[in-house]
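Common to both upcoming complexes is chain A, partnered first by chain B, then by chain C.
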Partner chain A sequence: MSSDPVTLAAVEIGSSKVAAIVAEYTGYGFTIKGWGECQSQGVRKGCVIDYPAVTQCTQQALENAKRATGGSSGVPVEQIDKVFLAQTGGHLDGFYNEGARIVSAADNMVSAEDIAEVRRLAKAKELPEGRMLLERLRHPFRLDGRLIKSSPEHLCGRRLEVGYWMVHGDESRISDSYHMISNSQIEVAEMVLSGLASGRVVTSQAEREHGVLVIDIGGGTSDYALYRDGLPYVAGAVAVGGGHLSNDLTIGLRLSTGQGDRVKLRHGRAIVQCRDKAQKVWLDGDLAIGDRQLPLLSIEKILEARVREIFEVVKHKLGTAFSPETCAAGVVLTGGTSKLPAIAEAAAAVFNTPVHIGQVSDGFPEPLQDPGFHTALGLLQLGIEKQRAREAAERSQRPGFLRRLFARPSRH
Partner chain B sequence: MDFETTRQPPFPDDAANPEARVEPAGSAPDPARAAASASSSLSELPPVLLKLVGVGGAGVNIATRLSAEALAGLPLAVVDCDAQKLADSSVAEKCLLGEKQRRGLSAGGDAELGRQAAEASREKIAAVGGGADLVFVVTGLGGGTGSAAAPMVAAEAAKAGGLVIGFAVLPFSFEGGRRVKQADAALVALRRVCDAVIVLPNDLLLQESAEGASALAAFEQADAWIARAVRAIWGLLHNTGLINLDFAALQRAFEYRGSKTVFGLAGGAEATSAVGGEGREGTAGAAQALLASLPLCPLLHMPEGARRADRLLVVFTGGRDALSLSLVNTVVQALGERFGRAAELIVGATIDESMGERVELCFIGTSDIGHASRRRFGEGRAGRATAAGGTEGAGGAGRTAAARSGETHAAEAAAATVAPTQFQSGAESTDARRKPAPPPPADPFSPLSKAGSAGVFPSAIHGFGKSSARAAAASATTAQDEFGFSESTERGYFQDTDNNLFEGQDLDVPTYRRKGIKITV
Partner chain C sequence: MRTWRDIPQNVKPRAMPRAVRRRLWLRRLGWVGLACGLAALFVGAYAVARMMAEGELQLSRASNAEPISEVVLRTNGVLDQAWIVRRLALPPEATLLDLDLAALRERLLADRQVITVSLTRKFPTTLEVSLSERAPVARINVRASAGGPPRPQLVARDGVVYAGSGYDAQLLGELPWLGGVKLRRRAAGGETREGREGGAGFEPIFGMALVAELLATARNEAPALYKTWRVVSLARLESDAEIEVKTDSIDRIIFNARESAGFLRQIAQLDLLLDSVQASPGAISEINLAIGRMVDGRIQVPVTFREGADSHGARIEGPGRSGTSSIAVPAYPPVRSSPTPNFFHPTRPAAREF
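Now for the complex of A and B:
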């Protein structure tokens, strides 16, 4: 594995921008080679509405990233071997399914067969027509009601249970985004939920053990992932994001789309702070024709209502899975909209837990520490983990050490 | 003022007391009511009084057609300037407008002449429209008399405390710009004074009718549709249902004055074969046929954007065998999904033996978004009843007030103080329903911008429910919209994308708007 490095790219096609990170994977770890982004066109609420425009943006972002790789090592990467693709959008949906089995052995010791069977049962639920499974999140095993965080093999008990949170999406939409990449002769190796991707990099293992909720509020969608006992527990997406904040301002204050966005960035706040009804801010501030004054209170009220609602919808979607008690590490916010002032307070008011803005490890290059790149970074990590797990599974199925040694060269 | 009177006698079983409802045409209705309410026995409680007033040429035609059907308890009246037209009508109660001005001639399609005639005969109009609990004002807009007098009839009826439902036939576009313009202006005026206006654009009939069909045939078709609609509402009040609905349910549906209204009829003739004939299709087939025929109703003025209704009143009428509960269930569920599950569903079902194998569906959807609470009080009614019935009047007024109390909270105080003064000022008295005083009728949208509503589109005031009552009370009158018109345009950037429904709400519509938060620009 270590002999031939693979060039990977993590691509997130978002509603506001397409982000791509190119990295080299040697089998042990990965080195980030370059990154690029491109303003997104033809994506609304995480879904592709203009296929050619999005394809062009995606190619552009990848091209930018490839070119940037030349900056550090001198020679730009020529070929991207595999792509990890993030998935989001309002079409995503999830459900929980459980399987249970009476432990077969007479001495009540759980065997590998029991585990395989109970997993098979829990996964067996069929999807509705036209839906495609994206992710299965396995919840911890339970043996006679006892929570088993690792494998229950060789433990004793009568009844073994396991549950899966299954995330599925609209088949045509997923294949749309898949072909966006595969049409340019690059293999899409993994598809990962955006929420899980950003959740992976902005939380620590300890936080995930204690229970943490990550909400990535992007341009068109808000992706969320709830972790409990170190594992992702529930994940999904709400098709509301920063674009809705701008749109609300646009409609409420009668602005053009671009103006709404600018007002949000310049004067936006997630909690009303302004007490003075008469306090005004300038639309552009350049005293040009068409510039006018807007009441700050109105801006803040519009944004507060929307931001609060996003959190309320997420909380509602999580249902009983979330409670402040089981989410000791609180809520972590990321994504472009998490830069909105006072958004953490707004979230804290809804979730009743401590909230902080997500940050990634200092080890990453500084531009990648921007919340806008968190998903792509997590995508890279998670994609590689998934690949490793897949390879490990393949390896374990292949017979004999020696034969594997001999078989290897033929793979390349 | 009988605000305190909250006694709310149960509504009478209509079938049990049919005679009490039939009023001798032309007589003032109050003595009848007073006499009826003098007794405390259940069967003699004051009945719900209905009345249908046909205004102008088209209105007279439709009323005449309905008079042939002899709907018990639905007295008819016709109002026109044209003496000849009135003379031809078989309706008993006739009201000739502007005898001096028009000398029995029609308004000749000139709304100004119609207005003068109507103004001159305001007292007559008040006598025609007043006194009923539910008044249908049927008219064809675009002409002279209908355009000018219909809003006045509606206003007088509303002033007297009645629930007013307007049926307006809009002219064909080939009838020319002037008529269309007059019709539009009149429609705005009518919407301002009616609890609901159901519109039937003649153009739709043109598309529907066969190639060679004459204009006359199309006009007749329009008449027939309105007759069906009136019959459906009449049936709802008059027949005791399997799942019964009464006047209170209707009032509930029109709780907020000027709400957007959507009205549809389905079934009847078109669906007959599928409902009755094809036994193998069974209930599911019947339900499907009903739902399929619903969009064909020309009264159903429902642009694609209409997504949500706050209240849905669904009434089924059918033969004993045809009307099954599973059919009701399937159809109501489909309608509920179509208009959002949050909608408050009021379902009624009536067995009508004469329907045989047929099932007819009538549904009325209203949406509160951004409209003032419908009622203040039955001041007009209270005054009238007291004058007419002495002590009994309090009971009658109490019923009106009670039935409508609880709907106005923020508006109560305002109405109580504004109303008395305005009631004395004749022509302006209708304005008491909406406080503060309304704008000049010429520009229905101007008050919105004056009041600083934050919508991009003039028709939009934000929020619904009680907060909207407040917002709308402050922003004065609201012209009633085509159902769903503003909703389709308030998604802005997300206009062309899929619905983003969550718990019955479209998340693409600004939150502040859905929650009724007032924004100043």
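Now for the complex of A and C:
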């Protein structure tokens, strides 16, 4: 990105809310100019089902971001240059593909051509019809079984391997969420998986080196990102989230949707602590008509079952990629549902690793330290990093002045 | 492999939120406005350039055009076309652009009959001259050089002495002569022969505004009297603030010039006095309207008769020399033999009229 000030916005369109952070990037760092959120409408399990409503919510979140820091320093929507958009939803899926190549040089020294070829082979897997690639997560190179985190060029070995975890999604759904932003005449510069975005801010580089699993439990989906050897290894999303907890309470206790949500927030707990079947809690506590008592044990049991199920689903999705041994830093929980009491214990019971609730640096404004903003915050950081990496790659591919000067004229 | 970057960015306006559509329209309007502004700027610049080019063309046409065909004179006085043509003395082939208007203006102003001049080029071949002129109040005889013959000159209200041209001879003949005036030469600026002969070489005469006021009052209020006035002397104006007038029949009528508004009163007084003195007008030598006195609410003025003149028949009121207050005094002593003048006052109520 150029050193001219660029106004960026990170937008996460979730099932329960739309969060936006507006920042100004000068080439050396970014300054947060505002943040805002809006209750989401028209999004279900991370997928757009009501285009105008979601568009309205997105605009409102950006407008709120303008107002959050006061009229003078807020950035009008029309001045936003680029948007980083978080992507989630049950339609996301991933697969691993690997490429291998025998090093071509007689002295077994890996050349740039070997690297490019092995990468091309690893990326060559075609996607099914109607699917669109969202993210490629490169695993470390392996040279005769040795892990090479950076470039293996000039190292010696016979067999060079590299693998990619490719995340893809439904083409129409990705286009829908893409157009949520582009219809505001703002360029979508990056689309980033929500799990990767959250993992960027709630984990440290050391944790990522040791191996860590980040689970961002949102309203309709739960995003996950597994880091190993300092790199994202597997990422994806499952279509269960905090909304399912409320829904289970609504069905199990015969409540309305709003009541189920309130009970979850007021009396919810991820593991059963209550041993007294007779212990009751009031639904609203205002002794009004309709207010009634609910068994606390039932509430906790319902929530424990669903929370456990969420983690089980994530674990199942990870498959063999996750093991407590390769995830020494444990599991980090974030997202709005991570505020549910005892959820870390519930996760630890499933994953058999230490679990803690993710926190961001104290340098950020206090409202942004809420788990609800972790994805947008990480999105901003990751988006800037990806933009810089992309520009650096373009610059390196561009021939220099001398090379252009002495280049042979093309025959064509 | 198809990635999210292959999604086209463009979105149909119908799919945009209302705020974005409004913003989009405002932006388009802004561009249209900018384009219109630029277009207007270009058109304006083109028009200005064209006007300038045409103006230059007109000027060049005018400069290459025919010589001046007409000089139009607009004046508030008596100067005529012949005078202006003679005075300007334009070369026969001169065009409007050849003229030095400042020099022509100075040339016209050299004639002191002219107060202001305005010269306007009316393309292609007309020169318009607007003048304001001085009006003569009196005449004066001026010698251009010591021992030379006197030349009659005119004097305007502002005291300027000028030769005057174009006036009706009868009008000039009615103007009184000025006397008791010492003309002073002007500084070197106006010392041209033409200027000297035209009266331009003299300083304006002091007090002419008062004289003009007196003469105008007399001409308007008592034209019969005014016609008899021959000489107006300013000899005692500066020292005693008195203006002396010599008429056909009276040697000297003295007016008080201290207050110009009093001329009307004094002329009326004179008129009534002459009406009252029904003797031969030639009998009166001097009437001094500059002094007088109030007696029983009436003003009395001294009148001096010529020696040996017959003043019988004069209707006299007030205390005469005899001390009587009778209306008619059949005979009155001659003025010269009398150490003190006789005081007369008109028969009409003085307080009301004067």
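To be clear about the criterion, the second predicted complex is superposed on the first by the 387 of 412 C-alpha atoms of A that agree within 3 Å, B and C clash if a C-alpha of one lies under 4 Å from a C-alpha of the other, contacts with A are read in each partner's own complex, and residues count from 1 in each chain.
Going forward, a residue touches a chain if its C-beta (ideal position, glycine included) is under 8 Å from a C-beta of that chain, and two chains touch if they have at least 3 such contacts.
Worth saying up front: this structure is predicted, and the values here are computed from it rather than measured.
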item: Superposed partners chain B and chain C on chain A - clash or fit; value: fit
item: First (chain B), second (chain C), both or neither touched by A:Gln56; value: second
item: Partner chain(s) touched by A:Gly90 [first = chain B, second = chain C, both, neither]; value: first
item: Touching partner for A:Gly243 - first (chain B), second (chain C), both, neither; value: first
item: Partner chain(s) touched by A:Gln185 [first = chain B, second = chain C, both, neither]; value: second
item: First, second, both or neither for A:Val48, with chain B first and chain C second; value: neither
item: First, second, both or neither for A:Gly252, with chain B first and chain C second; value: first
item: Contacts of A:Leu8 with chain B and chain C, given as first, second, both or neither; value: neither
item: Chain B, chain C and vertex chain A (Cα centres) - angle in steps of 10°; value: 130
item: Lowest C-alpha to C-alpha distance for chain C against chain B (Å); value: 23
item: Overlap of chain C and chain B interfaces on chain A (superposed complexes); value: none
item: Touching residues (chain side chain B, partner chain A) in the complex; value: 454-456, 490-494, 496-498, 500, 502-503, 507-508, 510-513, 515, 517, 519-521
item: Of chain A, residues touching chain B in the complex; value: 44-45, 47, 49, 90, 238-240, 243-244, 246-248, 250-254, 257, 277, 294-295, 297-298, 301-302, 305-306, 308-309, 313, 316
item: Residues of chain C defined as touching chain A within the complex; value: 1-4, 6-7, 9-11, 15-17, 19-20, 23-24
item: Complex contacts: residues of chain A adjacent to chain C; value: 51-52, 55-56, 59, 77-78, 87, 123, 126-127, 131-134, 171, 174-175, 178-179, 182-185, 187-188, 191
